[in-house]
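Some structures to go through are shown next.
What follows is chain A paired twice: with chain B in the first complex and chain C in the second.
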Partner chain A sequence: MQHGYWIRSKPVYHSLSWQHRAQAHVLVANGEAGRSIVRLLHQRLPDQPITVLYHPTQEADYSKSLVSLAGENLHVFKRESELWHRFEQILQQSVMGTRLYAAGNEYFLWQATTLAASHGVLSGDVMREQASSLARSVYCVHCKTISHRVTTNIAICTGCQRHLLVRDHFSRRLGAYMGLMIDAEEPGNVPEAEEVYP
Partner chain B sequence: MNNLAYKRETFRDDYTYRNSPAAIRRFPFPFAEDHYMYSVNIEQHQPGAPGSIVEHAFDIDEHYVSECKDKLLTLAQDKGRYAALPHMMDAQWDFLELTMESLARDYPQLFTLTKDVDHWTWRNRPLEIEDSFIFGDASTLPLEPFDYMGRQVQGDFVLLDQREGTLFADAGFITSQADWSLAFDIGMSWHEWHGPVPQVEKMGIMDRALKFLMSLQQGSPVRRLNWTMTINPRLDTSPEHFPEWGPDKLTVTPQNAGEKAHLRVELQSMFRLPRSNAILFSIRCYLISLEELATYPRWAKRFHRVLKDLHPDLLEYKGIKVYHEAVLAWLSQHDDGAEIAAGTHPG
Partner chain C sequence: MSALKVIVSAIEQVADGICHFTFAAADGGELPGFSGGSHVVVSMPAHNRTYRNAYSLLSSPADRRNYQIAVRLQEQSRGGSRFMHEQVKVGSRLDISWPVNLFPISRVGHKHILVAGGIGITPFMSQVHELLRTGADFELHYAFRSPQYAGFIDQLQQLLGKNLICHDQSQRQVLDLQALLSQQPLGTHVYVCGPAGMVDALLSTAYELGWPDAHVHHEEFLAPPIGEPFTLRLKQSGKSVEVGAEVSMLEAMEAAGVDAPYLCRGGACGRCELEVLATDGVIEHHDHYLSDAEKGSGKKIMPCVSRAKCSFIELNL
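Showing the complex of A and B:
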């Protein structure tokens, strides 16, 4: 931990809450973040139509709770790509005043944001909650591969096998942190990795 | 510098890059005082003294041909050094127009631009390029306009799109960067891509600089100097190729620092572009070895003092820490401790 040295590209997340001044509400979530949608559905619901897109994962499946709360407004997808396909269709048909909510791991949140941006929705108008693991997606600056589910401060690139230092510098477009070869100056000098993104 | 003898030299492998005495004399030494900290050191980019690096909008010097060759080598290794988001096409043409018009006006012996309404012909004598094209029609150029001229002007270039109350780095031609990645940073907002720079956050510098740039007017470009250090005269000190140049940092000794360690100064100039309302951020890199720097004793003395008490965060960020002691040892031989008057001039 470096006190006082904060890289401003690292996003700050909040808990989702309903934005009642709206025309419609579209929620996307994956895995463990289904719980955040359940929590949201327990609150006073807005008057406008709600659509929930959910992709359960091996780690967590909140479909049953979600279906009992959201009923036919819930759409469950076996594959994440199907969820994005549906999300894109919804974005195409959406009117001004549609509120977007995303809950999931960080990579998921920025996929949702990037997709929304391609339909003219500003990043600031998508609400995001990092509702599951703090694991990072890491972009290898050397071979450009993105390695997912990195929980340690030093990770082996799945593309080029280099040991990467996971920096706090974050690209919203890539949904990933920068990884830089840690032993470039002194090959072989790799400190022990610590699990800091559980 | 309108009748240049271009040096044939390399910025990699055998590193034959050197400065002539004239190039040393015009080097943009950035330290007016014995202490350095970041500031918003922005001034008007008005034409400066004849022969100086700011005589013209874009400085073409004795390294021109070799530097343009080095750009091509870097691009061939890593295509991600050029990138432009689709909405930046107007800004690309703005860039082409600004660079072609400036070079043809300022160096008529080297570059010629002839226009017949939209039919333009560009001649670049040093690089032996001649192309006719229709301005505004990218299909008539061999490359995208920004890529095409990015290869023909020394330095790096970022095109900043202004929207949502900030500036976005939405296009770049980056082959001589001080350790930042275009492929990673493209599309980022001002505060995001400056995120890693230490100390400036609490000083409010980036907020003020952004505010200043957002109101930049067409026809009133501005400039500032920035600096770091590089081991060996290498332009491509990118994070992408860090495995290639990182090990060099551990080879510096008090004996070889004069030859190996280089002061790297960036002339950053910013222009508002007419069609796109984007801003061109140009970053021109000047390299000088400590030995060359010591041609002028007051520069060596001053740089010794600046480095000696540089803030530890800056030593870390600029990557100087690992060879700091060796460089100080070399420079200390040239510092008798005598007081030096304020100013950046050589003699």
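Showing the complex of A and C:
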């Protein structure tokens, strides 16, 4: 585990707030982060049209509260891929001045950012809020598999079963942290994993 | 700064009060390459002083044999544009700086809207060549007082066809910025060069519509304004320089043999920034570079366009 110092690649997140100078607002969120959207919808709303795309997960489903607040501006998707498909369509039709907001786990946030970037939206112009869980997606540098929802500093790769040390180096393109085999020098010498990303 | 030596190979009047100069390398070779939107600073040795003005390069970046610039005779010229119009002849030798680009086309943009007012067309001349070469999606909006003030219009029409949209004020064709900026697809970048009023109007319209700053580009070279004379003290060299009413602090330092840094000479790039140590008056900030807080602190100055109302000012140089 690395802490107490700052690594440039590790992104910093803020809580979402409305950008009132705009032509439209598009919000995407998944699971637990539905709560961030609920909170946002309780604030003074901007005058421009709002669209919310939400993918509930097994852990959390805020659809009910969201429906009551956003009405027909809310679109709920059973699968995440459907949400991205709709987001892509919206990006295609959107004009400059459309503000983009993403709330979710880190992997979700950077998928939204990457998709927006393919439409010429700069990374800094997508507002991102990380959902309450700090769980990481980890990219295994050995077999290139991404393992999701990793809460510990040492994790087993879902692709090659190696024990990976979860580093602070973050790839925005992949939306994941680098994972390196921990017992490469001394096979079998794996320290105890600690839950550091609850 | 090392200069490029050039010879004027052609001069042509392209519109009312606008002259077009072609430069070739004095040694007959190739000139340094540049990218669309670049400018050079031309040194003009008048009899009593040297003027240095920044001019956009108009030619295609692919053409390394010539550079071209356009100079509009400024009604209240401090001398630079008048020198170019009256003293410079075909065959004249001039020193110019290496090309510098403070107004490049965004590489990540998906569409580009160029907006020119009057002589503000100049930086776009080289940019359109670059945009055409890369096959980018773009359009050029050109606003002018009347056709005789619209320099390069024939050339642009030929080059761009329907991607050129003219706004002839004498025909009451006004450029509706609100309409233009509210209908652009995501990923569009806008670039504006022209009179201050037009630049400000575009910047504030884009801001109100929620365009992110990084998508809005402008170039506005200011001419150093006239003020009152004062004395400049330079701490490190111990020199004392008199700044006349019609010269900028930067020009006064250069005339006194001080090697002060600069790039744009128009208050835009930030290169000339100097630290103010003391003054018995107030600084008159004219640049677009320092933030309001920095201007208010009175600790920094851009000597290419700013000056002071004082009897002396001391700089850390």
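Here is the rule we go by: the second predicted complex is superposed on the first by the 193 of 198 C-alpha atoms of A that agree within 3 Å, B and C clash if a C-alpha of one lies under 4 Å from a C-alpha of the other, contacts with A are read in each partner's own complex, and residues count from 1 in each chain.
In the analysis below, a contact is a pair of C-beta atoms (placed from the backbone, for glycine too) under 8 Å apart; a residue touches a chain by one contact, two chains touch by 3 or more.
No experiment lies behind these values; they were computed from the predicted model shown.
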Inset, instruction - Kindly say whether there is room for both chain B and chain C on chain A in the superposition, answering fit or clash. - result: fit
Legend entry - chain B versus chain C as contact partner of A:Ser9, first or second or both or neither: first
Inset, instruction - Go through the superposed model and pick first if A:Gln23 touches only chain B, second if only chain C, both, or neither. - result: second
Legend entry - Partner, of chain C and chain B, that touches more residues belonging to chain A: B
Legend entry - Touched partner set for A:Thr98, first chain B, second chain C, both or neither: second
Inset, instruction - For A:Met178, select first, second, both or neither according to whether it touches chain B, chain C, the two together, or no partner. - result: first
Inset, instruction - Measure off the angle at the C-alpha centre of chain A toward the C-alpha centres of chain B and chain C in the combined model, and quote it in steps of 10°. - result: 60
Inset, instruction - Figure out whether A:Lys144 sits in contact with chain B (first) or chain C (second), or with both, or with neither. - result: first
Legend entry - Contacts of A:Pro187 with chain B and chain C, given as first, second, both or neither: first
Legend entry - Partner chain(s) touched by A:Asp125 [first = chain B, second = chain C, both, neither]: second
Legend entry - Minimum C-alpha spacing, chains overlaid - chain B and chain C, in Å: 6
Legend entry - Common interface residues of chain A - those touching chain B in one complex and chain C in the other: 122, 124
Inset, instruction - Could you pull out which chain B residues touch chain A in their complex? - result: 80, 164, 181, 183-188, 191-196, 198, 201-202, 239-243, 246-247, 249-250, 313, 322
Inset, instruction - Would you tell me which residues of chain A are touching chain B in their complex? - result: 4-10, 122, 124, 139, 141-142, 144, 162, 167-174, 178, 180-181, 184-187
Legend entry - Residues on chain C engaged by chain A in the complex (per definition of touch): 108-111, 181-188, 207-212, 214-215
Inset, instruction - State the interface residues of chain A toward chain C in the complex, per the touch definition above. - result: 19, 21-23, 91, 94-99, 116-117, 119-122, 124-125
